[in-house]
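Heads up, the next two complexes both have chain A, just with different partners, chain B and then chain C.
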Partner chain A sequence: MTRVVVIGAGVSGLVAAIRLARGGAAVTLLAKGTGGLQLSQGTIDILGYAPDRVERPLDALGDFAQANPDHPYAFLDAELVGASASYVAELVGAELLVGDPAVNLQLPTAVGAVRPTALASPSMTAGACVDGAKFVIIGLKQLKDFYPELVAHNLNRTDLPGGGRLEARPVMLGFPAREGEVDSSGLTYARALDDPATRKRFAEAVKPLVAEGESVGLPAVLGLDDHNAWSDIADLIGAPVFEIPLPPPSVPGMRLNRTLTAVAKASGVRVVPGSKVTGYRSPGGSVACVQLATAGGIREFAADAFLLSTGGFESGALHADSRHNLRESIFDLPLRRPEGALVHADYWGDPQPLFLVGVETGPDLLVRHPGGDAVYDNLYAAGGILAGATRWQEKSGEGIAVASAVKAADSILAAASSATTEGAAS
Partner chain B sequence: MKTLTADVVVVGGGSTGAGVVRDVAMRGYSAILVDRADLGQGTTGRYHGLLHSGGRYVVSDPHSATECAEENAIVTRIQSHAVERTGGYFVATHVDDPAWGDDWAKGATDTKVPFEEVSVAEVLKAEPRVNPKISRAFKVEDGSVDGWQLVWSAANSAKQYGAKILTYHRVTKINRDGDRVSQVVCTDEKTGEEVRINTNFVLNCAAAWGGQIAHMADCPDVQVVPGAGIMIAMNHRLTNSVINRLTYPADGDILVPVHTVCIIGTTDQKADDPDKLQIAWDEVQQMMDCGELLVPGFRNARAIHAWAGARPLVKDSRVGSGDTRHMSRGMSIIDHSERDGLKGLLTIAGGKLTTYRLMAENVVNAMCAQLGETRPCRTADEQCPGSEDKKNYVITHRLEEREHDRTEDQILCECELMSKGMFTRALADQPKGSFDDLRRQLRLGMGPCQGGFCSMRATGVALQSEHIDIERATGLVRLFLKNRWIGIWPILYGDQVRQTALDNWIFQGTLDVEHLPGPTHEEVV
Partner chain C sequence: MNPSEGIEFAQTQVARASLDHCVKCTICETHCPVAAVTPKFTGPKFVGPQAERFRHGESVDHSLDYCSSCGACTLACPQGVKIAELNGQARAVMKADEMPLRDRLITQTTLMGRAMTPLAPVANAALSIKPLRTVVEKVLGIHRDAPMPHANTQTITGWLKKRTRTAPAPTRGPIVFFHGCAGGYFEVETSKKSIEVLEHLGYEVLVPKQGCCGLAEQSNGLFDGATAKVLKLCDELRSSGRDLTIISSSGSCTGMLKHEAHEIMGVDDDRLADVGTRIRDIMEFLLELHDAGELPTDFAEIPLTAVYHAPCQLKSQGMGQPAMEVLKLIPGVEAIESGATCCGIAGTYGLKKEKYEIAQAVGKPLFDKVREVNPEFAMCDTETCRWQIRKGSGAVVEHPIFLVHQAYGLS
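Let's turn to the complex of A and B:
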């Protein structure tokens, strides 16, 4: 049985670990923290802007890859990306992800922009911004990360991507998540609304605010562990309800994270939380093990293959020092660095070169020297650490992550299988 | 068009202008202050926050040293809430000559700057991050001062004496009647309206922009050379005292704890235009090296914001025009009746924030002399609004306030512990203000996340007020993000890259703020 260590517990690490385990590998997932999914909006973005708004992301990938030959989508093709998105949707089920990877949904954000994404939580889809839609956007006085006026009034002045306009009106509702608390996080609300009795009180407070024909937009705090909390609320109100994602901590992201982690464990992945990799050994041309600094000494995790899915600058996987020397934090891997200055002054301008920095891989996701050979014969990379994408602008983060995770897992399994075959032949 | 009348018009809303308008108002003149932007938006808001003990100048500029020592005590008293009595040290690093300390100590004695020589061990006990290789140290009475609080409290004092403060009023012309000043013409930048102020006297306190203002009164060639300096805020207080290098004044010789951050400064480059100051990468590197000398490991600390300020230095024939550090930092008053034959116009420049009150006293004395009147200055004798309780600022004050109101109010900015109530009150006072105007009073977005979490909240709360509609609210947040970036990109390294990536995930990734419908006109001020 081939042994694989996956480093990093974001969407790419979790998806790769599950696929590897289900493919017959013995998988250890080393997680420094809780992974980047909790910062995300709980959707699967594939391609939202290229740079113009994209309606059909899989159809757009070919031209996008041609225009951006250094982008991960240059070697992660549309068929792979579409299949990988569907794979994640199957893993978490229709309670958490719905939609067609080939068609973008256009969903409202917490400032009232219309944001393209491929797959979303079913709790969000009634917010599709289409001509003639009627929304009442309801904020909660005790929740400071959601302002219904900002959402509704910006939506009202937006020419919708598919043409036309919608009508939205704001309402602010006082509904404490906990008695006597005026400053509650989205997570506090989500936990409170896991309780059916609280949901009932909440729905009773919301119902009189909704007019005939309106869909109800609420901050994305409708339950954490109970994935049907939102539909329960919708039934009680008697109108379609949709969640609008908030800045971190993101409840929909947390739902995906918890579910994928549970699926990983159920698939036999050994998850080791609190594991910051502090070293490695690589005799010859292979990584033999990675090391953790634990109480009493160094603990080693040996494996046949390693997958680096540690993210980008946001997670600390990449680091730029005060002289702009760049470093990959674990293996000090060679990085692809754009020429010239890494940062420029124009906030609304071109992508900042700094955030295009990352590791380069071949189509098999084996990490290589920029433009050259593999660094080690068993070190793969997936997700945010791959060079060449400005994920937050393109709305491409999860698409790159899941496609590279699936492809890396399949490459590792294929290499293991061919090694076994060779071994058997000799 | 609107026409107003005042005995005196003060041009410039920095520390000098605010001090001057307070002084003239307290002497019983009717006064109007005009500034093209907000109060403290020029040099006053772009410095390192040091309230000088005088120690910096005891050798290079003894007269300034004495003035600083005296004014430090006065400002600490009359504007107590704007001043933190941090104390400070002059330390000889391992590359400095400890013997120069003897010259320094003699200078300090001669100039009556209070000091005490202390052991290296004592410094390290008080400030454990200071370089253990320092060889000599003197303790002084440096403080740190919030320039915006200082300016606003002086302006509010002036208002209590009947003065008018007109921000966002750009002077376009100063008219004369024969050999006398007769009128100041302004444009209200928020409404576009022309405002004419009939007056007999104009006090030009526009500092680095003073030459431009004098020119509007047809007094050409007033040479105020902007000496540009950069400053970098680090994400927390590496030291709780001001740390000065014990050398002749040089670049990067000071670390000042201000509020939740500490600021390293500064450089000195001659600038052509005070509105176009650059922060060069090599200057940032120079500051980092200087920081390493004072606090080892400085480069690994997190820089959160950089800015440049323009010192208003009057050109002095005794030094070359390229060497702005050694131009006079003493105050200069230009009497245009002697220089240009125009009565009723005085230009003041030079000086430093610590001595702003004294500068005001001197220029108003000069005005009274020209008018042939005797009205004594009283600005050193009376507390400014906000300082009635005579308590100095302490770093924990907001924590204490939030302890009292946390069950009734939300915290919009966790970095700076700014409550929703603080924001809505400031907005009600300045309904036409930009988020940067409010930031200068509230420290909105000035902490480690640089607006990552609070900007959207501020936008939502602003929209709930009756003052702001959706186009303006959206324009304000776009402008705020753009303006924050001006100070972030020059120092974008280390953990601030990580923060910026998170902020980008929030604003672009989750909120998609760049695809909000465009405004009919972009907010620019």
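Let's turn to the complex of A and C:
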């Protein structure tokens, strides 16, 4: 049985670990802490801006790749990206992700912007911003991360991507998450609304605020463990309900992260959280083991293949000092950096070139020297560490992450199976 | 270390180097089992990286005392902020001038074991007398319903003196066994079975005379006593041989030696560093043997489905859940991961009058899961957690080494 160590527990690490384990590998997932998926909005972005707003992301990928030959989408093609998005949706189930990877939904944000995304929680889709839609946006007085006036007024003055306008009106409702608490997080609300009795009281308070024909926009706090809490609330109110994602703690992100982590464990992945990978050994041209700094000392994890899915600068996978010396923090891998200055002073202007920094791989996701050969014959990379994408601006983060994770896992399994065949032949 | 150096360390260092790594992402908040059940604790980020900026010798947020020190926040932090350590230090500083008598008493675990063993039947009976427990609650602040250990008539030392070794002659050389106070006085069966498994594997098991690791004092902010105890223990464990592996079936005491004594109290001593790097949790050790291809897996089948709960202080050692992997090797055993962050007791936290209800609320999902999966039997690696889960669920709760022992045909 081939042994694989995956480093990093964001969406790419989790998806790759699951696919590897289900493909017959013995997988250990090492993670310094909880992955970034929990901080996400609980949606799968594929391509939102290229640079103009994208309606059909898979159709747009070909032209986008041609215009950006150094982008991960240049070797992760539309078919792979679409299939990978669908694979994640199957892993978590229709309670958490719905939609067609080929078509972007246009959903409201907590500041009332209209955000393109490919797959979303079914609790969000009634918020699709289309001509003639009527929304009542309801805030909670004790929740300080959501202002219904901001959301509704911004939506009202927006020319919608598909043309036309919608009508939204704000309402503020006092509904404490816990008795006597005047400042509650979205998570505290979500836990409270896991309880059917609290949901009933909540729906009774919301119902009189809704006018005929309106869909009800609420902060994304409608249940944490009970994935059907939102539809229960919609039934009790008797109107369509949609969740609008909040800043962290992001409840939809937590639902996805918890579910994928549970799927990984159920698939046989050994998860080792809380310690940092601080070193490795690579006699010859292969990585033999990585070194984990656990309490009490270094423990070595040997494997046949390693997948680096540690993210970008935001997670500490990449590091830049004040002189813009760049470093990949575990293997000190060669990095691809754009020509010229990495950061410019025009804050609201063009994207900062710094975001394009990352490791380069071949189409099989094996890490290579920029423009050259593989660094090691068994070290792969996936997700935010890949060079060439400005994920936050393109709204491409999850699409790159899941497609590269699936492709890397398949490359590792293929290499293992050809090694086995060769072994049998000799 | 001189008296009060620990408090001074806590006052001046407070893991501040890691403070600035906090990006306020709230991941720690979402993992905190205490903040999930009570508004009395504002959460690890609020009392930690945030409040710390306003502390100048004095605490600005007294809800800090409601932190149970489970360590889930540090474990979850993706930026490497030592949140639990920081909060443990800040609490020690906050309580330094007004330490409750109760907190000084309940931390004397060896003393409790020594006093209760000769009087085991009497002690057990006394602990079940309601009016007596009510008086104890009123006078000392230990909750009347809090789980208490069950005294044994025989200590591990007594057993070792009287028994004759049945395993074949050692083939793998000597190894040191650390049982901890609870494993010496109360959870004696766990220690016996651990020793017998190690002997079955071919080790000569050395059990030096040993005292307490000081964990309970540490988590209550009594750093001076805890420091003296942990260093004395290091001397005792080192007395058996300088390079030997040390094995423990007491998950939380292992964590004290590997991590807390150094990280929270700042004990910077070669003896501690030596013991901390040589010690292995017994399930961690068995898994290491297995990974190296050196663990016999001629296990007999045990048809059993049961919850396994990894204690917070075991998880915080950053090695995953080795027991889950070892249990997978025993045919017939289906260990269901509890999924709970903490059982609630967190050492001495759940014994305290003002925290008992919180500890029960923290443990409730775990108790429910045990009742749902197998109401008769569950597994957990640390002693106080087993007392808590036994009391909360009604199930027999034992260390996972019990199953390894049985699967090797030793029981």
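Keep in mind that, in the parts below, the second predicted complex is superposed on the first by the 424 of 426 C-alpha atoms of A that agree within 3 Å, B and C clash if a C-alpha of one lies under 4 Å from a C-alpha of the other, contacts with A are read in each partner's own complex, and residues count from 1 in each chain.
Simple rule for what comes next: a residue touches a chain if its C-beta (ideal position, glycine included) is under 8 Å from a C-beta of that chain, and two chains touch if they have at least 3 such contacts.
Here the structure is a predicted model, which means the values were calculated and not measured.
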So, after the overlay on chain A, do chain B and chain C clash or fit? They fit
By the touch definition at the top of the document, which applies to A:A67: first (chain B), second (chain C), both, or neither? neither
Of the two partner chains, chain B (first) and chain C (second), which one does A:H324 touch, if any: first, second, both, or neither? first
Would you check which partner chain A:A414 touches, where first means chain B only, second means chain C only, and both and neither mean what they say? neither
Kindly classify A:Q393 by the partners it touches after superposition: chain B alone (first), chain C alone (second), both, or neither? first
So in the superposed three-chain picture, is A:L39 touching just chain B, just chain C, both, or none of them (first/second/both/neither)? both
Who does A:G180 touch here: chain B (first), chain C (second), both, or neither? both
Where does A:G316 make contact in the superposed view: on chain B (first), on chain C (second), on both, or on neither? both
After lining up the shared chain so the two structures overlap, which partner does A:V103 touch, if you call chain B first and chain C second: first, second, both or neither? neither
Once the shared chain is lined up, is A:W348 touching chain B (first), chain C (second), both, or neither of them? first
Greater residue coverage of chain A in the superposed arrangement, chain B or chain C: B
Least CA distance chain B-chain C after superposition, rounded to whole Å? 5
Give me the intersection of chain A's contacts with chain B and its contacts with chain C, in residue numbers. 39, 180-181, 248, 315-316
Complex contact set, residues of chain B against chain A: 281, 285, 288, 299-300, 303, 406-412, 420, 453, 456-457, 459-461, 463-464, 469-471, 473-474, 477-478, 481-482, 485-486, 489, 492-494, 497-498, 500-502, 504-506, 508-517
Footprint of chain B on chain A - complex, ascending: 39-41, 49, 53, 109-115, 142, 144-147, 149-150, 153-154, 156-159, 172, 180-183, 245-248, 250, 312-316, 319-324, 341-345, 347-348, 354-355, 391-393, 395, 397
Across the complex, what residues on chain A touch chain C? 31-36, 38-39, 178, 180-181, 185, 187, 191, 248-249, 254, 262, 265, 270-276, 292-297, 299, 315-316
Chain A touches which residues of chain C in the complex? 25-27, 29-31, 36, 39, 74-80, 254-255, 257-259, 276-277, 279, 315-320, 324-325, 337, 339
